[in-house]
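The chains carry the letters A, B, C, D and E, assigned in the order they are written, with residues numbered from 1 in each.
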Amino acid sequence: MDFATLIGLFSGLALVVAAILMGGQINIFVDVPSMMIVLGGTFGTIFVAFPFEEVRQAFHAGFKAFSSRKVQVREVVGTMVKIAEISRREGLIALENVKTENMVLKKACQLIADNAEPGLIRTTLAIEITSMKRRHKVGEEVFKRLGSIAPSFGMIGTLIGLIQMLSNLNDPKSIGPAMAVAIITTFYGSILATVLFLPIANKLRTRTLQEELHLEVIFEGAKSILENNNPLLVSEKLSSFLAPRERK
Amino acid sequence: MDFATLIGLFSGLALVVAAILMGGQINIFVDVPSMMIVLGGTFGTIFVAFPFEEVRQAFHAGFKAFSSRKVQVREVVGTMVKIAEISRREGLIALENVKTENMVLKKACQLIADNAEPGLIRTTLAIEITSMKRRHKVGEEVFKRLGSIAPSFGMIGTLIGLIQMLSNLNDPKSIGPAMAVAIITTFYGSILATVLFLPIANKLRTRTLQEELHLEVIFEGAKSILENNNPLLVSEKLSSFLAPRERK
Amino acid sequence: MDFATLIGLFSGLALVVAAILMGGQINIFVDVPSMMIVLGGTFGTIFVAFPFEEVRQAFHAGFKAFSSRKVQVREVVGTMVKIAEISRREGLIALENVKTENMVLKKACQLIADNAEPGLIRTTLAIEITSMKRRHKVGEEVFKRLGSIAPSFGMIGTLIGLIQMLSNLNDPKSIGPAMAVAIITTFYGSILATVLFLPIANKLRTRTLQEELHLEVIFEGAKSILENNNPLLVSEKLSSFLAPRERK
Amino acid sequence: MDFATLIGLFSGLALVVAAILMGGQINIFVDVPSMMIVLGGTFGTIFVAFPFEEVRQAFHAGFKAFSSRKVQVREVVGTMVKIAEISRREGLIALENVKTENMVLKKACQLIADNAEPGLIRTTLAIEITSMKRRHKVGEEVFKRLGSIAPSFGMIGTLIGLIQMLSNLNDPKSIGPAMAVAIITTFYGSILATVLFLPIANKLRTRTLQEELHLEVIFEGAKSILENNNPLLVSEKLSSFLAPRERK
Amino acid sequence: MDFATLIGLFSGLALVVAAILMGGQINIFVDVPSMMIVLGGTFGTIFVAFPFEEVRQAFHAGFKAFSSRKVQVREVVGTMVKIAEISRREGLIALENVKTENMVLKKACQLIADNAEPGLIRTTLAIEITSMKRRHKVGEEVFKRLGSIAPSFGMIGTLIGLIQMLSNLNDPKSIGPAMAVAIITTFYGSILATVLFLPIANKLRTRTLQEELHLEVIFEGAKSILENNNPLLVSEKLSSFLAPRERK
């Protein structure tokens, strides 16, 4: 998560908190039973909707999306062009020594170096790509679902509060505060969904789209290397993946 | 349903129940006519939307999704590699003796052992896969629909309660409790949809995606065996279906 | 509509009606102007959205979906296997005499008997299938739209009632009953959509999916017969369309 | 717009107006500032969402959808069969003289008569079809968007009215009528969307689907003519586009 | 943004403002804490959902969509026909000198002039097109998301205001104005989404669809030039991209 993002995020939320403080003390927004309903309900229900393992992975991916460095497309294009040059100069077998953190690129290099037949390489890489998409999708799905369960439990909490209040209307003075407490769960549910769950789901989708793009660059690059195109043509072709101002 | 899931689920819902008890007795949330409206309406209507047989299957699938053991992808990959080894060592005819609970894998082995032509094998397996997806989809659809009918009947129940209350406003003291009762159906409808129907629909979808993945592994494995690839290549190709940390 | 469905449907709705009667007389839910608004508005508007002919067809299909007998997939598979046996024993020309109510199967038999070239047969059957899907889709669309117009007119009716009530607040005693009447249109709109229009739309979709499945069986069967596969292989292939427990 | 449609539409809306009149004078539903907010806001905003030219086209298409005569599929099938007969009897060159209002059919005939190569004809007709779909889609999109902006401005108008009323609560007697006026914008927005914009969007979609069907008939017919099929086979093939009861 | 659009937009919004002024002074709609909540919350949250760089690009694209001149399809068709004529007269090599602002057209001309093989040209242009679509999509996504976050923060602000008001009901006279202030955030959120964010998202989509159309014209034109079609046929084929009244 780069610095500019942090500034944007915190200055935005600071405005919200400042506005709330201008209206009164913040402690009227803290209500323990309301938290128990919204958080307990939301996290309890997510385990009915998804296996434990997938929820764990989703939270792991959620954290990683903020901490890990973003690899630029132009770096991937650069790597593929360099690999094309190596394979031209030193033969396909030289790809065995390519070092990379990207699992799919590693597999592609190995298969090319092993002289596997083109059809098999294409199928294998295609499986890798679909398989990675499938795994990434899970994280997005879990957070989207959290973003839909949280407001539902917010509303359920408000219904609970209203029913309790309406069943027992003896003291007219207590109606206002009781309503306030009833509404707090809806407030919690909306905040959780709007500020946390849905944006994280979106961030994970953005990440996935980006990794898909990287894999497509690798896929197209590997095809070109197999067809023994010269590195200049590979560079020309792969630069089409970049935005105009990223091409030099 | 594994142990971790159960702990997550029950500790979550325990928080909700505890929070409700902190606000008053739980018996004000029990209202028999409200239950009759929401449950009767929801289950009556589902029979207009789906044939009886499909509703029955959906509930069967819903229960099974929680009780049955989850088969891991890596087990399926392992099985296909073992079958590839057998077919290499002992010939395709040996596949006749492969024992498996998976209907599609069984059919694949039989067809290969019968020396059917590759085109027919591919078509037949493709039909099996589409056909299984179609059957699984029904369960998800039924629960999704229940999750949309239940809140509708919750709202209809509340409208009924409001109309009855408003037509007869003689006793101002009864307004509060009457409103509370009117709101209870909305509460029931939301709880049913949020905690039960929608998460089960999601769970069934997760299951279906997983079985589809298994069938794809079987499909790709069978293709490799037919093309007489050596077991090492089959293993290399099928391992692309696994998450990086599942490959050894 | 089978017997089990009827029992489910009526026992469900009986609960709802019983619950309403427990709350007071049913005549407060009958209001003629409210009916005029919801029914008049809904059916008037549907004629702007769809041509008269398509609305007529949709209602025809809606009725038929409940009355007509459901043909099982396994019957269609059985028929195709029988036809494959006939064509094997007596030659393709014998298909001319096949008697069937299914328009597409009839056309398939004729084309095969006429010795039309395989490409033409495939194209023609594909057109038949797309064409049938398109016609069936209309019914579903009309009922879905009715299910979205009805609640809108319910809300419009309530707005009308509120505006009339609020413009004329002289008698405080009339506020309650006036509100009750205003709410009744929302009640009508929700009931129509939830119990009638949306489930029928869903039923029509289920029917369409089923007929599509039948057409796919016919399509695959006809292809096999043209390729002169032996009836056992046809049976093996088509049985993949069935659920495991339907295969004997 | 055929006669049956008009009767359906007007009798429906007559019921609504009659019901409103039974509840009081209609003039309480007329409020000029409310109209200014909903109409001004809706039509002002649509020009941010779409270029002026596309809005103009959409309204043109909206009017045409009601006035123009609907061409039946079976007429198009008939035309194509007749053209097939002409081309069989008099040669492909004779298609130059075919007279038709349908732009695509005209282009198809010209290209065939010019003896263009089949690949080019297919590509050109495919472009024509996609291109027509794209133009038609614009109208639908504009009306759908209007149908979503109008209720939003209805709600914005109500919020404006409520804020004005609540800031100035001196005279309790004015609260009722002020609320009534505030609600009127929501009423206008809902009416516009439900009765006008959304059904017109749907009508345009229906029209588009129908023209697509016509273009597919022309496309398939032209392919058959190019392959020099005999007119009977063309008729047999194209009749698959018709509903069973439209085939004679 | 052409003149007609401006007139439409401003006369529409003038009506809205006039209507508001008829109901009282406009200063009751200005509330600084409410602005802080809606604007701070919306822009803070968008940085969780998207990387800083993409938000910046989206706003850049949003401004450009209003200021930049719209290129007509018929201009692109004209350009491609002219290029076809040049390539016919002076050979493919002459395309090196074609001057154009369109990046993709430039690349197409270069590749053709370089005598690259057709397969490579097609793949490269296809990558350019997908790559441009992907970049354009980001802007639409960001504004759509803003259009969904803004009303959510509007509602959150209203909940905050209600909770603060209800917790402290001592002075009955303050209830009205406090409610008015609470509602103002919902008003801000709706206005921002309805008038600004969603229409801009739509405008960007319209732009993207249009550029896609241009790229398809270029793609089809380049294919024809490579196949050495004569300029008349190219013109005939590409004119199918135009609306009937745009063809002369």
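Criterion: a contact is a pair of C-beta atoms (placed from the backbone, for glycine too) under 8 Å apart; a residue touches a chain by one contact, two chains touch by 3 or more.
In this text the structure is predicted, and so the values were computed from the model without any measurement.
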item	value
Chain labels contacting subunit A and also subunit D	E
Between subunit B and subunit D, the fewest steps along chains that touch one another	2
Between subunit A and subunit B, centroid-to-centroid distance (C-alpha), Å	24
Subunit B-subunit E separation of Cα centroids, rounded to whole Å	39
In subunit C, residues with contacts to at least two other chains	none
Residues of subunit E defined as touching subunit D within the complex	2, 4-5, 8-16, 18-20, 22-24, 28-29, 70, 173, 176-177, 179-180, 183-184, 186-187, 190-191, 193-196, 198-200, 202-203, 206, 209, 213, 220, 229, 233, 236-237, 240-244
Complex interface listing, subunit D residues touching subunit E	33-34, 36-37, 39-52, 54-55, 103, 107, 111, 116, 120, 123-125, 127-128, 131, 134-135, 145, 149, 152-153, 155-157, 159-164, 166-169
